[in-house]
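Chain IDs A, B, C, D, E and F follow the sequence of writing; residue 1 opens each chain.
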């Protein structure tokens, strides 16, 4: 079972301008082969399909627990996409849309992923930066533990490469923050799967990290997360389960050489997180609707009636 | 953010026989157009992309909260699929696979979804009963509140129809229990979206329920859930958020006429749930691996080292 | 613009047994690369996109007019699929579905295209015999007239091969009749595109027919259509347009050597056609619904009120 | 069976400039999830698969008849796409292409849907505005009447939203006219499915219209169609069939409150329509071919020989 | 550039019976995510896109050279598929097809991948065992050398698992021989990518082999290839290029512990290979055509005229 | 079996500027329906699946041999794509990437196929110019010889049209050279399949060439290949096989009327070819890696150790 908390894993700064192509670039990190839908989909189905869960508890818990974090990553990238498509906070206009006969959204005709506006109203979707859909081809769930873990290790390295590439195309702080946070957390996952593989096979595959060959210290947006030790922490993302994965992450294992030193540690629960940015509606794009005033009033009344 | 609890939303009985085609039928409820990946994907992206969240709190919370329940539905169907593919508990054999030269898995050559065995080792995947992948085409997230809610209402009615159809093809208790539980919960969601639409538009669309035109009382596997009042409850699936949706679900609204009577109620948190069934490994199918004994030993040691 | 007439192009005999795998085989002729959705999709988009329509009138009219016939072919195959999935007329039961708790549709669990039952209730869909979807990859519309016509000639030859193959797998009269009729009409279209190419290029490409190398006289189900001269006729499928294509089909051109002899002729309008078979509902599969009696009554009243 | 008439449902003004990105935006209304291929595909397959046609005549006829109109919508949007890609009437050049070695189509390298030029020569195709293909995932044909009608109602509301969005991105009159006409007719279909649902379920779901929450009176391009009463008419699109749907559309039902008042009426046959715009060939793009003069001569001769 | 030799990499025994479902199982090794089209597609595009080829010669050559071998693997599996679909040598009948009106291919109606017969006449195609297509989602070509090599190592381990699984479903010698040969060669490739990674990163990742955890000595069909030392050889698959990869494969590196001992060695050129099995035509399935006698005569004459 | 030679079929000039949209246009010739992946995929699978190879030797050899050439075409287009994405030789920088925090790849955010940079680092992939994947839908392998040859003839005509269209969008010499070379070789293949069809059917289908209706003499980049007689040559692409196809290509057949005159001739082996262009790495895009110096040193040492 899963629970939800109405926060993001990291606080995102407001975008400086409406930049749908930047939102589209972020989509590669959402619906691309090495995007967050893929890390989510792989670990989720692997955890469901895990054989001999009781006998392989630490390995099962590692995959099961990271699944919950990946959900939050999908959420974080999605929020980044929608924010970049929406633009600065004062760009929207939640009041009546007025005259729509003047091609008010003409600029949207020439953006790369036109359907992101036409169909999704600027929202995120499980597609990559070219508009191709995420799908089952991106899911490896073989039931063979070594194979699945090896796949996951390669997946996290690939995800790191893609995040780095997207990062180098973005100048807006919203998208850069998304990348900075995810680079730190993705590196943790690559490290964790490496250690799990090492426990079973004896191969010190974590020495292959970082892949690509660049330390997080080179990315300014990663610093605050490194400073707070995020690179040394795996959260259980659970009220009371998944603590036995500390046999893999912990147990004397240390941070990677290029990162701030310290012992790896499993932390119960989840990080504090940041608030979810308000996405202003754009009535001329029919979000939340053309003339939403009455809808707002209804919602206000319902809120009052709620306990 | 999301959290995870190491339980299923409902306890599933062990299958009476290995029945990969029954598992394949259940896949329609997982990766089909009206399957749980679709309900999850729609509500998840809609909740991320929701405009004017603060001004439309009860509607946002409804979608956001049900997202968490749908995750558990994906988990439940997946467990059902894997259990039916795996067979009764004593069918697997976690010890060394011995001689594999005798075409020991020859029966798998003729099952409908051969890739479920060949690629997934009997595990679930985001595909439908014909092996076609779930994808972005199944996601509607327009940012227009009425449109999204109307879509969701139609989606839940379609999902109910598909569950009923799958149910009528299954004789094994595992799959039937999955359907029974989901029929009750899916009916709740259809009802909830109907009430949300009614609040905004004034149309009593909940009177269109049940669609298809059959009461849950006709499905034996639904009874225990009806008896405990599950059809009248929406859970917040959260430690402390999403309580304002009681303005929609609650607020004097009552159970549907064909169901046991009573007031609709929002319940904090989540149901008690049931334990996750152990899936025995099949070393001759290389799950969790061919000769897993050493891996089991390693896991045991790691478990002891964990706090 | 298009009009519709409530008849099929050919009368189909009732199936002798419920045979979903035969219906699935017919799907190859509906949604496969060389199926009727492809002939429809190619000619439809080519006719929309046709350049210099006025200067190339006979060629434009040929493509535009055959489009309308292909719509009827899609309709014919679809009816065949649904009839084979539904079974003999007395198999369904339009009254209340009664008890559905006994796995009444268990046989549907093992059919090849399970989703045809689970999702479509036995109806047809734009998929092939393996459940893969028809899509844009099957459409060639280049705007180059020779290229498009050459493509169409190859497409009709391929379609003929596929029809012949499907025919050799079917023993039920419904599916065989579909194939017999379509083989005659498809051969007409191959011949027509050959003549169009000959007019432009001078190459007597119609001498490549029949491809595959088998005369229609070998197919018993083709005989009545050959006897009535269907192989020599192109219909305009229009109240008053598309008559100028007789410059291509007609104009002294004759039937192919292996077919009953005679001149090719353009016929105004359309053939008489046959009646559409009634598809009985199956309430336990929720078609048209579980307890449809009230719905039938409503329809009866509405019919009376209609002029 | 289907017939064809060599006209468009509405007359389209010539484009003011060549605007491939505007053509690409229109593609969302052709091959997107809520585009005309979807309305066509859904109603076409639903009408083929309709159970108990005789007992549910008015409902069957409604779906069957609208299918024919949707064909014309696919045609209309396709013509709009090709016109916008082709540009003003004097832009093409039907004579010999001359020297092609100077990168004469270089501008096409940077358009959003490059394949629309490279593969389709500027013609339309069943893809959305991002180049993703239309496919079976967009087709719901369950055989359950309430479910199918509910789906159709939601589909028309979604289609209306997409048309409105595309409209707000277009400044050229060709594309805007396409949207204006389709908005009126799509609103009719939404209304019609609402009434059908109301007849069966008693729920006044038409009160949810218009969705999105904007009257057609706000769209200048809709006015002439409203003035002529198009919003109150359903055509039978047939020489003599489908008249019994007046039990649903008619029978005292009135126009929606925001539209010009009056009774709903079923009209035999079809509207007068407008002429199909000539698409000039572009020999340097090999449409209809590089040096088409001889082809034109041949066509002229064939036309003379036709009766 | 590539050259072709009219032989298979290994001689395949004739099948004992026509077994289309066995052919379909082999398709997983052809068009599945971990099939030969994937190994081919990945290495082919990686070799085309390789950066700094001159400075990274041994690594480039390794990927480039294995590409050529994978082409032969695609060929080998394809031949196996077609042979299993075709059946024993005396099953076909190359003479005139005679009467085809008796549903002579009725058995093909019920096979898992009906389109393999209906569309491909029993031939192979780039699809998996469920009929889903191979596509770009299976190609990783990042241009980052460590990432690409790591991907390839994981891919070969996954491919080995899939081959083992398919092997355990087959009793016919044709398919088992395909698996036996490919298991040996695939293990070589896994080993080779491991050594390449070790050279760059220092991680002894080859110690993770074999994955899955089973020695080739357990597979009878592998023995003759192990006996001849195939597991220690990388071929250059070239008249004179790709010799510098011996810096990776060779250079003192030894066979894996579970395999027959010896030094790894790069061999110029290619193995001797085996002859391609004749696939008998089936005129009633229109292969090579219905009445092929004249075609055979023509070919005989043309052969005589060839030098 | 296949062999590889470390050269391209034609020497490509360095690009004058970095032009990702030109690279994207070339992708249509790689992964589009009528691209080189399609010619490769069709002939490859047809040659594997060819029935009665011994009795139809010249026809089999034609298809089998051209397969090898198509591999080189895929390679040539891929190199062109990567070169255009990479830019002039001095644009890359193989040394340490330095500071990557300044959005150094921001221009890549706005290119048409962003994933070509983000995922493939500017490399080619089996996709078309819109980013849609190549797949099995583009493969026709029916086992019927006339049908397959007819398909191939149409495919080569379509491929020629697409090459011509792409050519007219390109001003950079790299892409134009790719088109010029492929136009000559593709015309040879169209001619060859025409002759094969003529031998079997007697239809002089080669008189339909050239399609589109433009001689190669109009394309400056084709001249040197015409001058050397490339249009009259089919290579065997083999050390010693495939010589019997001279019964089709040769045997007194002559060049097409619009091309330089002369007899058609089968040439043993392959053309001399040109060298493969070095693709400079871009460390800030992590190709071959961020700080590649150590990797270069390792490669140098390994090269020395190789024999």
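Everything that follows uses one rule, which is that a residue touches a chain if its C-beta (ideal position, glycine included) is under 8 Å from a C-beta of that chain, and two chains touch if they have at least 3 such contacts.
From a predicted model like this one, the values you see are computed outputs, not experimental measurements.
J.: Using the contact definition stated above, find the chains touching both chain B and chain E.
T.: Shared contacts of chain B and chain E: A, C.
J.: Using direct touches as single steps, what is the fewest number of steps from chain A over to chain C?
T.: Step count on the best path from chain A to chain C: 2.
J.: Sharing more than half its contact pairs with B-E, counted by residue number, which one of B-D, D-F or E-F qualifies?
T.: Having compared contact pairs by residue number, the answer is D-F.
J.: On C-alpha atoms alone, could you tell me the rotation angle mapping chain B onto chain F? Nearest 5 degrees is fine.
T.: Chain B sits rotated relative to chain F by 180 degrees.
J.: Same residues or different residues where chain B meets chain D? The copies count as same if more than half of the interface numbers are shared.
T.: Counting shared over all numbers used gives more than one half: same.
J.: If you average the CA atoms of chain A and of chain D, how many Å lie between those two points?
T.: 39
J.: Using Cα averages as centroids, what's the distance between chain C and chain D in whole Å?
T.: 23
J.: What are the residue numbers in chain F that touch two or more other chains?
T.: 33, 112, 119, 121, 127, 130-133, 135, 137, 142, 144, 146, 161, 212-213, 285-286, 289, 292
J.: Got a list of which chains touch which?
T.: Pairwise, the chains that meet the contact rule are A-B, A-D, A-E, A-F, B-C, B-D, B-E, C-D, C-E, C-F, D-F, E-F.
J.: Quick one: in the complex, what on chain E touches chain A?
T.: My answer: residues 33, 135, 137-138, 140, 142, 144, 146-147, 150-151, 153-154, 157-158, 161, 197, 201-205, 207-208, 211-213.
J.: Using the touch rule from the top, collect the residues of chain B that touch chain E in their complex.
T.: It comes out as residues 97, 99-101, 103-106, 108-110, 112-115, 117-119, 121, 127, 130-133, 284-286, 289-292.
J.: If we count contacts the way the header does, which residues on chain D are in touch with chain C in the complex?
T.: Result: residues 1-9, 31, 41, 44-46, 48-59, 64-65, 67-68, 71-72, 74-75, 78-79, 82, 92, 94, 119-127, 133-137, 139, 141-146, 199-200, 237-248, 250-251, 269-270, 273, 276, 278-282, 285-289, 292, 295-296, 298-307 of chain D touch chain C.
J.: What residues on chain D touch chain A, complex-wise?
T.: So the residues of chain D touching chain A come out as 21-22, 24-25, 28, 32-34, 112, 128-132, 161-162, 164-171, 212-214, 218-220.
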